[in-house]
Structure formats: structure tokens, C-alpha cells
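See structure below.
Per-chain numbering from 1; labels A, B, C, D, E, F, G, H, I, J, K and L assigned in written order.
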Amino acid sequence: MAGKHGNILIINGPNLNMLGTREPEKYGSRTLEEIIAGVKKISADKGYPVIHFQSNAEGEIVGFIQREGIDASGMIINAGAYTHTSIAIRDSILAVGIPFVEVHLTNIYRREEFRHHSYLSDIAIGVIAGFGADSYEWGLRALINILEKE
Amino acid sequence: MAGKHGNILIINGPNLNMLGTREPEKYGSRTLEEIIAGVKKISADKGYPVIHFQSNAEGEIVGFIQREGIDASGMIINAGAYTHTSIAIRDSILAVGIPFVEVHLTNIYRREEFRHHSYLSDIAIGVIAGFGADSYEWGLRALINILEKE
Amino acid sequence: MAGKHGNILIINGPNLNMLGTREPEKYGSRTLEEIIAGVKKISADKGYPVIHFQSNAEGEIVGFIQREGIDASGMIINAGAYTHTSIAIRDSILAVGIPFVEVHLTNIYRREEFRHHSYLSDIAIGVIAGFGADSYEWGLRALINILEKE
Amino acid sequence: MAGKHGNILIINGPNLNMLGTREPEKYGSRTLEEIIAGVKKISADKGYPVIHFQSNAEGEIVGFIQREGIDASGMIINAGAYTHTSIAIRDSILAVGIPFVEVHLTNIYRREEFRHHSYLSDIAIGVIAGFGADSYEWGLRALINILEKE
Amino acid sequence: MAGKHGNILIINGPNLNMLGTREPEKYGSRTLEEIIAGVKKISADKGYPVIHFQSNAEGEIVGFIQREGIDASGMIINAGAYTHTSIAIRDSILAVGIPFVEVHLTNIYRREEFRHHSYLSDIAIGVIAGFGADSYEWGLRALINILEKE
Amino acid sequence: MAGKHGNILIINGPNLNMLGTREPEKYGSRTLEEIIAGVKKISADKGYPVIHFQSNAEGEIVGFIQREGIDASGMIINAGAYTHTSIAIRDSILAVGIPFVEVHLTNIYRREEFRHHSYLSDIAIGVIAGFGADSYEWGLRALINILEKE
Amino acid sequence: MAGKHGNILIINGPNLNMLGTREPEKYGSRTLEEIIAGVKKISADKGYPVIHFQSNAEGEIVGFIQREGIDASGMIINAGAYTHTSIAIRDSILAVGIPFVEVHLTNIYRREEFRHHSYLSDIAIGVIAGFGADSYEWGLRALINILEKE
Amino acid sequence: MAGKHGNILIINGPNLNMLGTREPEKYGSRTLEEIIAGVKKISADKGYPVIHFQSNAEGEIVGFIQREGIDASGMIINAGAYTHTSIAIRDSILAVGIPFVEVHLTNIYRREEFRHHSYLSDIAIGVIAGFGADSYEWGLRALINILEKE
Amino acid sequence: MAGKHGNILIINGPNLNMLGTREPEKYGSRTLEEIIAGVKKISADKGYPVIHFQSNAEGEIVGFIQREGIDASGMIINAGAYTHTSIAIRDSILAVGIPFVEVHLTNIYRREEFRHHSYLSDIAIGVIAGFGADSYEWGLRALINILEKE
Amino acid sequence: MAGKHGNILIINGPNLNMLGTREPEKYGSRTLEEIIAGVKKISADKGYPVIHFQSNAEGEIVGFIQREGIDASGMIINAGAYTHTSIAIRDSILAVGIPFVEVHLTNIYRREEFRHHSYLSDIAIGVIAGFGADSYEWGLRALINILEKE
Amino acid sequence: MAGKHGNILIINGPNLNMLGTREPEKYGSRTLEEIIAGVKKISADKGYPVIHFQSNAEGEIVGFIQREGIDASGMIINAGAYTHTSIAIRDSILAVGIPFVEVHLTNIYRREEFRHHSYLSDIAIGVIAGFGADSYEWGLRALINILEKE
Amino acid sequence: MAGKHGNILIINGPNLNMLGTREPEKYGSRTLEEIIAGVKKISADKGYPVIHFQSNAEGEIVGFIQREGIDASGMIINAGAYTHTSIAIRDSILAVGIPFVEVHLTNIYRREEFRHHSYLSDIAIGVIAGFGADSYEWGLRALINILEKE
């Protein structure tokens, strides 16, 4: 029954608000809204309300995680460029101690060298990269599966 | 309708035959047979026959990919330790040109430094790591989704 | 005839708002306003309206580029310290696909080692560094020359 | 006599607003408010008014230093995660030319490798790390001692 | 009394079957058979049956360790060239959790740079290198001493 | 007169059995059988019998060199991916002390960084890379020339 | 009034004599003569005579700088490939102490890694790269601006 | 009440006996004796007897720590040059298990690269660097504060 | 029929004029003239005129390639020491776009570390190293084979 | 027959005098005296007198080796921390040309990175690490075996 | 008796012809002619004729060493900037096998990092750096001393 | 006139007391006493008394420099192995501010990699290496020449 669980946070970092409208050949033609709508439906079916948050600002993402992360059940995060540069986001996740899955639209391992390292991977449950908008769906399903087992 | 598609290969590298019987607290209590049985069922429902292959020998994995990879639709591979050391397996995949998903039971990014680099990631569709036996399921579903779109 | 072209964006990153008032022996005595005024005049003569934006916040620069970059003709950017640390700004430029010139007041190659690498240079038309406030003028003229040739 | 001196700025970077409420075994049980209250009292006794500023946003910290740093006597800064990633904060301090002490609650040299380098240390008067909330007190006293000598 | 203990495995990696017949000035004139015969006698006197295994194939060594390692008391391993390249052998040892001593005929630290790193040393009880065929004897005695203490 | 000399071994490593049938635009359209047939004829004319061996398994290549290398006159080896990862093959060649030429179909220096280092080059007579199937012919002729001079 | 100033040297390193005749899609269709003619005109208008020198020989460029650099007012240099390898040219510039601008036709930061470092940048007034033949014009104008201010 | 606690050791490494007499502009004009006298007074007030030891010899410092470290309450150490080269001092501290604070007169992070790494920092309670002779005072006060809390 | 083809250039870099007269045990006893005479004969038989050029001067080699490379059919180059340091020679080859084979008398991979990298290999058709004077013959034959196929 | 041989030196570096009294869970409960007594007995039985020397001072160890090393038959050395930092001890061993075995109580390869390199290993007969006090016994036996063979 | 010995070559690389006329505060006020005159006198007294050669061109230095090096007794070389970049000069010295001393006016170890490595030092008799024009005198005297001993 | 100058210190580091008696083929057959005697005579002729000091102990060398360095005119130092590992000796020299020449018997640049870096070179007047015992003589003469000029 939906609603009995804590929230699942979905966080999107910088430039992910451009999804679907720019470079569709690279990132797909679905907008972020469409992707999140699909994910929300799956989550609702499983009984987990979703709070979605997108920001281009590192500090705002940190703030969101601090506010909403404490009582949430889990998190899906695609930190975009901040994946590779932000220790602050890492620290905020550690501070609230929330279990999370790191997702990426593209396969970051076949892109520039500086995208191969993530400040989040070693504290995540797991990583899913390269499946376009589907990465969110698999990440969510994987997260809920883990939560259900606990 | 099952059967109309090419095979989906599932390859497991060295030591994965020990799953479920050794170090269950680390790798889970399900045996490789149980995991594959579950995955086969999902695949069958989608109409893709599965051929599973496990070997501790790099050369045998190369041989299997050469033989079966040419006509297969796709591949799920957990190359285990060979992920980090085998250029030969990489080359065999490139030779047959098969689309594949790289999966790992554990989150390799929180383990030893030498497990952070993969010779397969940059030629894979995507990577899924850290979800235990579920990594295979998400990998299979993600692969089939991609195949269906083409 | 002036005005028939798209905008030229001029972006200044963190601390460049301090120009002229602090450390004039290092950065010159002209304020940012004075520099931009001069540049705007040149641009206007060539028929390109200028939109200037300065911010100390990485996320705001990303947002500005997303909003204004889509319809603009070109961009002059001095990302200041973010030149060396921001993949997010790089990604926003790639997302809107705007041609741009990277400029610096000082010769960054004779400063600290960590200022020798730029996340923008390899996607810029070109780089102009070391001419104080004049770097903006040469950058603008160089940009317009390129635009005129297309 | 209090008040005759310029202000002493105390800056806390991202996630330090969580102090005392999260991970007390690691960072101690005193809240940031309590720590700052103690520090303010010491500073007041010495005749230096304190302005405290905490932010999760790199750009806001840069802005604060630009605004308040020009007329202040000195600064205590715990830039948190930005210690290791922000050249912009470094540049803002250099721009206003304020003497400062870098403090850390924890001993950063026994933590992850990426926390061993600081973009602030080489321009600070000195560094104090590892004494929990006391680091602020020692930093303040050390700073005032230096100021008194000048 | 001999026989009451579990087996002691002795594993020799690639090219060690050539011992005594090739390059005797470098590796000594005793054949692998002669060395093992000597070691078996010592082991038998202490009551530990020996199972010896030599292979040029990484996968076969992995398989042997999986099969025989589970019930064995301990292991002496000279993995030869695989010492420096095989994560798979490392993983198989970790999987069966067997205590072992790493031995080398030659002093690997005075040879090529690429022989200075071992994938086994940090999970071994200890390392003995440089004493020719005697390395096996000291390794065996050292191993049994440890086993007796437990 | 043919036959009076020792054998010349020709060794092909992993995936070279795919030659001619896969990726002909990259590796040429001649099969390995055709290439070897051509080479054998040249060698026969010079009086050197050829033994050809292809394997995807590192251990089998090691074994072949041990068995056949002792009495052979020389060797042509294209170790494929094992060129870059196998110390075991290097050691087996050193053990039998056979003079050899390293050949590659493609110019390995214009491929991925990890293909630039070879564990065989520094113990080879010489290296020939980049001439497709002809690399074998030039390698064989070069080897026989060296042998004839001794 | 032209002529009252010292000379401005324009130096072009190896292969720049090929401009316009080879690879025009990469380096543009204007020959070096045409480019220099344009630049000379601008310089003459400003009252600075130009001496142009192109050589493929490192030693000749060193000699030219020694002879002509002592009395010249400034220099524009595109050292071509020697930018990245010649300490001798650097030393000759330091010896005569001439102010100069480093220019490049292409954006060297988006080319091979070995073209990212310059032995001249840290002793130049500034760097202009990526604007094709225009780089010379901007470089010259920037240089004269600096000279006029002194 | 003084005397009821164990000793606090103060250790000064090589060349610190020169304090006050050489390079006062760099290290201050107070002699080591004066500094220690001040520190002893503070410590006495808190009830901790001080034993001071200065030596230019690594082995003597190791010996002092072994002898006096076992029963002492804590330690202030400025190991001077040995900070960056001595594993032996590190090991002696680990052997006696004494809590300690690492202090430096100068800010070692703005000096030569080889002074940025310390073999002591990661096993210290904390580090205080850059406050001249005051570093000892803050180090002592910080140490006693920690001891009082236990 | 000889003569209908463009020229084949043979270039020898610094010190190769010493061949045969100095260090014959290392480089063989044949002089450069003898080697080139042999090669010219082979080339003439195939209908390709040879132009040979040796120089100790980097700039002269660049000039030769510029002049003769445009109309030539192909090139054999042993750039000697410039192999490892000259970007200018690389650039001149790219400028004229001539297909070439890189040859070396000695096996450069068993010499000093700084001889392992070549600025020419990644733009060559292929590389032949280690066969003494024969390297030129195999290089020439390999080059002509390629040219014939086009 | 005891006594007819030269001495065997046993050298223990810094902090090894603490054995048995500190951190017994890590280094064992036997004191250095007990260990040496056991080793002396074995050596005496073989006819080699033992001279034992322990020092915390690098220079004293150098002096001991100079004095006693010239006429001794062999040496067992556990240089402790100096293993990783002392070139002086290495040089003194080379100066007297004494054959020696390097021993370590613990397995240094599973400790901190800076303990993985030894300045002694490449000039030792062999290395034995990880067997606690037994390392000395195996080292002594191995050394005598080698001496007997000569 | 003067004259009975072979020549001593003195070679000066790029920019050393500027000595005494430029940057005297750095390189001294004596011209190269004056320095060489002094050195020639010392050499004549010892009976060794001197041939001096200065060139800014790498290839000319290579040529000079080839021509004059074969019959000369020894060489003093200050290769200037080519010290750090020229493998060709190194090779020419190796080709003629002449004993030589490497000299530098300045202490190259306190200059830029890229001047710390020399391609000549490891094949020189010895190195003398930092004594201004005197470096030549000491180098010459040292060389002759060595020659006299042979 | 001898005696009017301050002392010249000559310092020899570890193992140099073995000179002449061990490894004469490497270090020459003259003892340290003989070398110093010769040097003292030269120095006396120039009017500089010599104080010679040899020690195997880093701390003693530091102490000697502190005591004798303050009033001395200059210093010749061959720090032996401490050249490469001792920051403490470097610091003691900086503390007393004495001009010095670094000398080495052997050419350290052709020995092990770890002997290529010196902690003294960048603060020395100059370096003389490779001339055996003569290095001291040239070093002394060079030092006195410099002192005379001041």
C-alpha cells in the first residue's frame, strides 16, 4: 500500500533540466519531467512517495539532501558534473546516512577521462550507468528491492 | 513470443561458481544456479533463450564468446577478476560485435584500487554494479529494453 | 547593420566583480563596468547586442548559459577560478552548443600549477590570456571575425 | 576594550550547519550555534566583534568574503569540503587580503586521501586541525595573538 | 602422528615444471619433482599429507584451489608469473579462506620492476623469496609452525 | 635444402583464429589459414619446417613454447592481447631461450594506450607491426636472415 | 608616425612555410606571405617596422632572436612544434629580454596531449591561440597596445 | 592541583636548538629555552609536569619516546625535518601508544613541496602549524583539554 | 616497369652517417652508403626511384620532407634520436601527407626508457625495429607492397 | 664443529628493543632477548658464533656493520623503519660485501604503502617476512644453508 | 711537453655566444672569448691543444663531435638548453666514444624543474655546475687529471 | 697570508671512512685521511684553516654544522647517502647560512635512480661529481675562488 514508507528522493544535478530539448541524439528525447513522471508511477505502485529535485547549484543540492534526507527511505542521484567534482554533496549524504543508488544516463566510462572518477560511487549501494532514461527506472527498482529486504 | 529472438549469453568469470556456498555474507546466499534460473525465466518470458557459461579460464571465455557471440542478440557478463586484467576477452567481444551489459555483484568502486578499472566498461552499453544477484536481473531487463528499441 | 545579429554573451566568473577596486597592480585599475562598457560599444558597432553577466556562483552561471545561450550568436567567457574546477559550466556550454572565446586578464600559465589546466579550452574556438582588460576586446573582435566568416 | 577593533569573520562551509545533530560520535555533540556562541564570547572579551556566516554554497561564501572581508581584522575559516575543491574561495581571500586561520574539526590527514590537500593552507597564517569544536577556540586565540602583535 | 591433519597444498605456477632442466645457473639444478619429494617428506614427518599441483594455466590453478582448498590446512604457493598478473588466483584463495605462504625461488626484488608487485603478498601469512629450492622448505616449516600454534 | 634446419614456430594468440571472417576492414580479408599457408611456403623454400599453433589460452601457449621451443630454430609470435598482459609467455620464451620476432597485424602504437606496452619486445630480436598479414612474411624473412648469419 | 619605434619581430617556426598550400581545411587557405603582408600593414600604420623570419631550424631561430631581439620593441612568435620542445628558443628570448606574444593558428588545447605544454607561455606577455591567421593580427594589436602604455 | 597527572613530553627535533639565535625573522626571536619555560608554566598550572627533550639525532628521539612515553599522559612534538623523513619516530610513538599533538613554528604548507607530507599527522590527535612559538602553547592547551575530557 | 611511380624517400637522422665506421658490434659493419645502395637496387627493380637524405639537423630533415614529400609515393624513415624528440618532423610528415614506414637498426624497446616512445609511430603505416641494416629492406618491401595494393 | 666459521651478525633496527613488552598482539609476546637466545642456540649448533646488535640510531648500525661486517660470514637484518628510509645502511652493507638475509616480523606488504619498498631487498640473498619471531629462525637457517653450499 | 696529446674539444651550446654581453648579473661579465682564452692557456700549458666550437644548432654540434671527436683526447661540454632535450648530441658522443666532462655556468639544480635532468650526465666522467666561468677551468683541469692517469 | 680567513669545513657523511680500504676499484685507493691531507695543504696555502669531520650519524653532522658553521668561511660537503635522504642536514646549513660546494666521488647520475636527487644541490654554490678524490680538490679550489671574489 502506497504511502506507508518514507520518501524516495530523486536528485538531478546541473544541466539535467535540459534533457530532451538539447542533444537528443546523445541523451534521448524524453524530457526530465517525462522521465520523473514514469519513475514516480513505479514508485507509487510500490508505496514510496517520490520527491524530485533538480538544481544547477551544488549548495542547493547539499541543502536539499540535508533537509529531506534525514527522514527519507532512500535516494536516486544523478549528480551530473558534480559527480566528479563535489565533495560537499558526498559529505551531505554521509551526514544524513541515506542509502542511495548512483545513476547516469550515459556510460561515463566511455567519455572523457575526468568523468571516470566519482566522489559518490564508493559510498553508494550501487551504480547504474549507460541506459539513458531507463537508468532511473532500474536504479529505483534496485533501490526498492534493497529496502524491501531490510 | 519466446524463441523468435537470438540468444542472450550470460557469462560468469572465475570464482563465480562458488557463489552461495562461500562467503555468503559478502556475495549473498543464492547459488549461481539459482540466480541463473531466475534470470532465465525472465528472459524466456521476453522471448530470448539464454545460454549460460561459467569458466575459471580466460581462454575458454574467449572461445565461448567467439562461438556463441556471432549469432546472439546480446550478452550479460560478469567477468569477475578478468574484468580488470583481460584484454583478450575485450578483444573477443569486439570481434563478434555483440551488445552487452557489464554486471557485478558487489560495488567494485568501494573495493581495492585495482578493481576500479575495467577493460570492458568503455565498450559496454552500460554497467550495473552493487546489487548482488539482482544485478543480473537489472542487467538483463536493461539489455532487453535496449534490444526492443532497436 | 547593428541589431540584426543574435546576442553576444559576456560572462565573468567569481571575484571579477572586484576588478579595479582591489589589487590594481595585478589586475589593472579599470572596473568591470568600465571594461564591459568599452566592449559593448565595440560590439554594438558591429551589430551585436551584448548581454553581460557576472556571478560568484557556479550554478547561476550554468543557469545563465542555459537560458541565454540557446539563441545567442557567441560568447566571451572569463570563468575565473571556475575555469579550473567546473565541469558543470563546460557541460552547459556543450548543451547549448554556442561558439565561444575563453579570455583571461592574466597569463594563467605563469601562475600556480593548478591554473594551467582549463575545463573550457578544448571546447573553445580559441584562448586569449594575459592582456589585462584588453583580453576582452581582442576576444570580442576575434569572435565576431569568426562569426562574420561563417 | 571591546569594539575598537575591526570584525573577526568566522566562516563555516557546507554541512557544518549539521553539527551536533548528526554523527555526534565523529564531530561532537555541540551544535554550530553553541560553538559560535562560545567563540563570540572569547572574541568579545578581546574587543573583536564577530560576524558568523555559514553556507552550503561556494558562491555565497565568496560573496560574503568580498563584502565583509575588506574592513575586517581577520578570519577563521572552516571551508569544509570546499577546502579541497574551491579555488574561488581562495581567490576571494587573496582579493581582500585578510589574514586568516584555517581550522578543521577533524584531523583531515587521517581521512581520505582527497582531504589531505587544501587550497587555503598555503595562504593562511596557520592551520589547526583535529581538536573538534576546540579548533575554533584555538584558532581564534591564535589569530588575535597575531593581530595584537602587529 | 602423520595423517591426522588436513592436506597441505603446494601449488606451482607457469614454467616451474621446467625447473632443473633449463637455466640451472639461475634456478638451480634440482627438478620440481625432486624439490617436491623433499618437501613431502618433511610434511609427512609432521603429519600433513601434501597435494602438489603444477599448471601453466591460470584457470586450472583457480579450479584446483576451489576444489582442494576448502578442506586443506594450508598452502604453499609459487604462482610464478601469475604472482604479478592474476587477480583470479587471489580471489580463489580468498574464497576458500586458506592460510598460505608465498614463496619464490629467486629474489624477485632484484629482478624487473614488474616483478616487484604481488597480488598475493598482502593476503599471505608471509613471504619467503630468494633461497632457491630451499624457499619451499622454509615456507613449509613456517606454515606448519603457524598451524601448530593455532 | 629444406629440412636440415630446426623448426620455425609460428604462434598466434587469442582471437587471431577469427581473422578474415570478422572485421575484415580492420584486419584484412585473409584467414589465418591462408596467411599461414603463405608463410609456410616461404619457410619451406628456405629449408625451415613450420609448426603453427593458435590458442586463446595463455597456459596452452606457455605449454607449446616449452614443448616445441627447445629444439626449434626460431619463432614468430603474434601474442595478440597477451602481448600486453602475459608475463608467463615471456618467461616461457626465456626458459627455452629461442630467438624470435614479434609481429602485429595492426600498428599497435596508434591504438589504445594499453596496447603500447609489450612484455615481449625487449627480449625479441625485433618487432614488425602494422602491415596486416604481410607482417608475418616480413617477420619470417627477417628471422631466417638472422639465423642464416649466425 | 611610422618608423620612430623599434622593430617588431614576427617569427614562425617549422612547417609554417607550408601554410595555405597544404591542409587548408585545418590551417586556412591564406599563405604565410599573405598573412604577414596583412600584419605588416597594420604594424606600419602604428609606426612599427616589421621583420619577419621563418625557419624550420631551431638554431636559426635562436640566432635570429639573438641578432635582432636586442634592439627590437617586441615580438610575435608562433614557434610551431618547437613551442613544445625548445628550451634553446626560450633561453634566447630570456637572453635578449624582449617582450613578446605567443600565437597559434589552431587551438593547441584541443590537439594531442603533447601540444598542451609550451616552453614559452610562462615568459610571454600573453597567449592567443585558435583564431587561424587572425591570431597574428590580434597578437600584434595586443602587443602594440602594451608597448604604447609603457 | 599540579603533579597528580602523568608527564607531558615536549619533543623538539633537529635544529630547533638554534631558535632565537639564527634567522629570527623567520622563526622568531625567542629561544627554545624561553619558549619551553613559558609552556612549562602553563602546564604546571594545569597540574602536568613537563619533560622537555631536544635532539638532532633521530635515534635519540626514538629512545626518549620509548623511555618516557610509556607512563606519560601526552606529548607535544615538533619533529622538525624528521617530520618528513622518519618512520622510526612514528613507530616509537605507536609502540608506546601516547596521545600527541604535532606542532610546527612555520606554516609547512607554504614551504617546499617535500615539507607538505608528515609521517606523524595521521596518527596525531591534531596538527597546529604556523603560529611561531605560540604553536607550542596552543598545542599544549589543546592536548590538556583533550586529556581532561577523557 | 620501373620509373612510372613517384619517388620513395629514404631519410636517416642524426649520427646514422657514422654507420659501419663506429661501434660496428652494435650497429653492424655495413656503411650507410652500402645499405642504401642495396635498398636502391631493390626499389629500382620494383620501379620506384629512391631519393636518400641524411642529416644531423632537425630543420634540414623538415625542409627535405616539405620539398620532396609532396610528390613522392612513400617514405622510409629512421629518424634516429629525433624519433624521440621531434614534433617538427612529425608535423612536416603530416603536412605533406605521405605514407611511411618507421625503421630502426636496433630494437629500441630493449634500450633506454627514453627510446621507447616515438613521435612517429602513431602516424606511420607500421614499424620495423631490430634487424640491423635489414630493417631498411623489410621496410622498403613492406612499403611497396602497401603501395601496390592501393 | 662450532667455532670454525666466521661470525653471523644479527642486527635489529629501531623499536625492536620493545618486542614482547609492547603491542604483543601485533608483534608477539617474546622479547628480543628471548628471540635472540633461541637463534643463538641454533647458530651455535651449526658452528657459527652470533653477534647481536640492536640500535635505534642509523649511524650506529652503519658503524657496527663497518666494524663487524668485514670478517663475518653472514648477516640477518631486520632494519625496522630504516628498511624503508636508509640508504646509508645499504651502502655500509655494500661496502663490506657481506651476504645477508632480510627479515621482518610482520608481513610488510599488508601494512602502509610506505612499508612496501625496501632499500635492502635488491641486495639481499633473500627476504623472509610475516612469521613473527620465527622469521629470524628461518632466516638464519636459510643463510647457513647458503653458506654451507659455497 | 705541450702538443704531444690529442685535442681537447670545448663545446658550447645555444645562447652561450651571448655571454658577458647579456644578463651579466646572472652569467657573469666575461665574454665567451675571454673564458675560452683563459682555458686555452691552461690547456696549452698541459700540452693539450684546444678546439673550441659554439653553435646554436643541434645538428652542427652533432656534426662537430662526429668530425673532431674521433681523434680527440677529451671534451668539455656545456650543451646549454640542449643538455635537457638532445638525444642526438648524446648519441654522437657515444658514437665517437670520447671521455668528457659536463659543465654548467649556473647551478642547474636551483633553476626550473626541466633543467634538473641531463641527457649527458650519465655518460659523462663527471659534472661541474654552478661556478660561473670557473666551471670550465675546473672541468678542464679535472679532465686532464683523468687523462694523465690513464 | 694563511690564517687570516675563517675556517673551511670539510664534511664527509656515512661510509666515507671506509675509503681506500674497501671497493678501491669503485672509489679509488686513497684513504680518506690521504685525501683530506692533500686538501688541507691546498687550503693552508690559500690561508684557510681546514676542520675535517666525518660521521656515520645524521644528528652528529647536524650538530657539527651548527657548532662550526657559524664562524666558518665556507664548506665542502660529501654527505654520502644522506645527500638523498636528509632534510635535517639541509636545514642546519640553512640555519648557519654558510656557502658550500657539494662534492661526490662518483658520478651519482649514472647510479641508481634514488641517487639522482639531492636535498643539498639547490642550496649549494655548485656541484662537482665524478672525479674520485679529485672532486674534493676542485671543490675546494672552486669554493676559495668564490670566497676571494666576494
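By our rule, a contact is a pair of C-beta atoms (placed from the backbone, for glycine too) under 8 Å apart; a residue touches a chain by one contact, two chains touch by 3 or more.
Computed from a predicted model, the values in this text were never measured in an experiment.
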item	value
Any chain that touches chain I and chain E	F
Interface copy of J-L among K-L, H-L or D-H, judged by whether over half of the contact pairs recur	H-L
Magnitude of the superposing rotation for chain H and chain J (Cα, nearest 5°)	120
Winner on C-beta contact pairs when D-H is weighed against A-D	D-H
Centroid spacing, where centroids are CA-atom means, of chain C and chain G in whole angstrom	24
Separation of mean Cα positions, chain G and chain B [Å, integer]	56
Inter-chain centre distance, chain E versus chain G - centres from mean C-alpha coordinates, in Å	65
Interchain centroid distance [CA atoms averaged], chain B/chain F, Å	32
Per-residue overlap in chain A, given as positions that touch at least 2 other chains	57-60, 85
Interchain pairs in contact, sorted by label	A-B, A-C, A-D, B-E, B-F, C-D, C-G, D-H, E-F, E-J, F-I, G-I, G-K, H-J, H-L, I-K, J-L, K-L
Residues on chain K engaged by chain L in the complex (per definition of touch)	101, 107, 109-110, 118, 121-131, 134-135, 138, 141-142, 145-146
Contacting residues of chain L [partner chain H, same complex]	57-60, 62-63, 66, 70, 85-88, 90-92, 94-97, 119
Residue ranges of chain K touching chain G (in the complex, touch as defined)	13-15, 17-18, 22-23, 55-60, 80-82, 84-85, 114-115
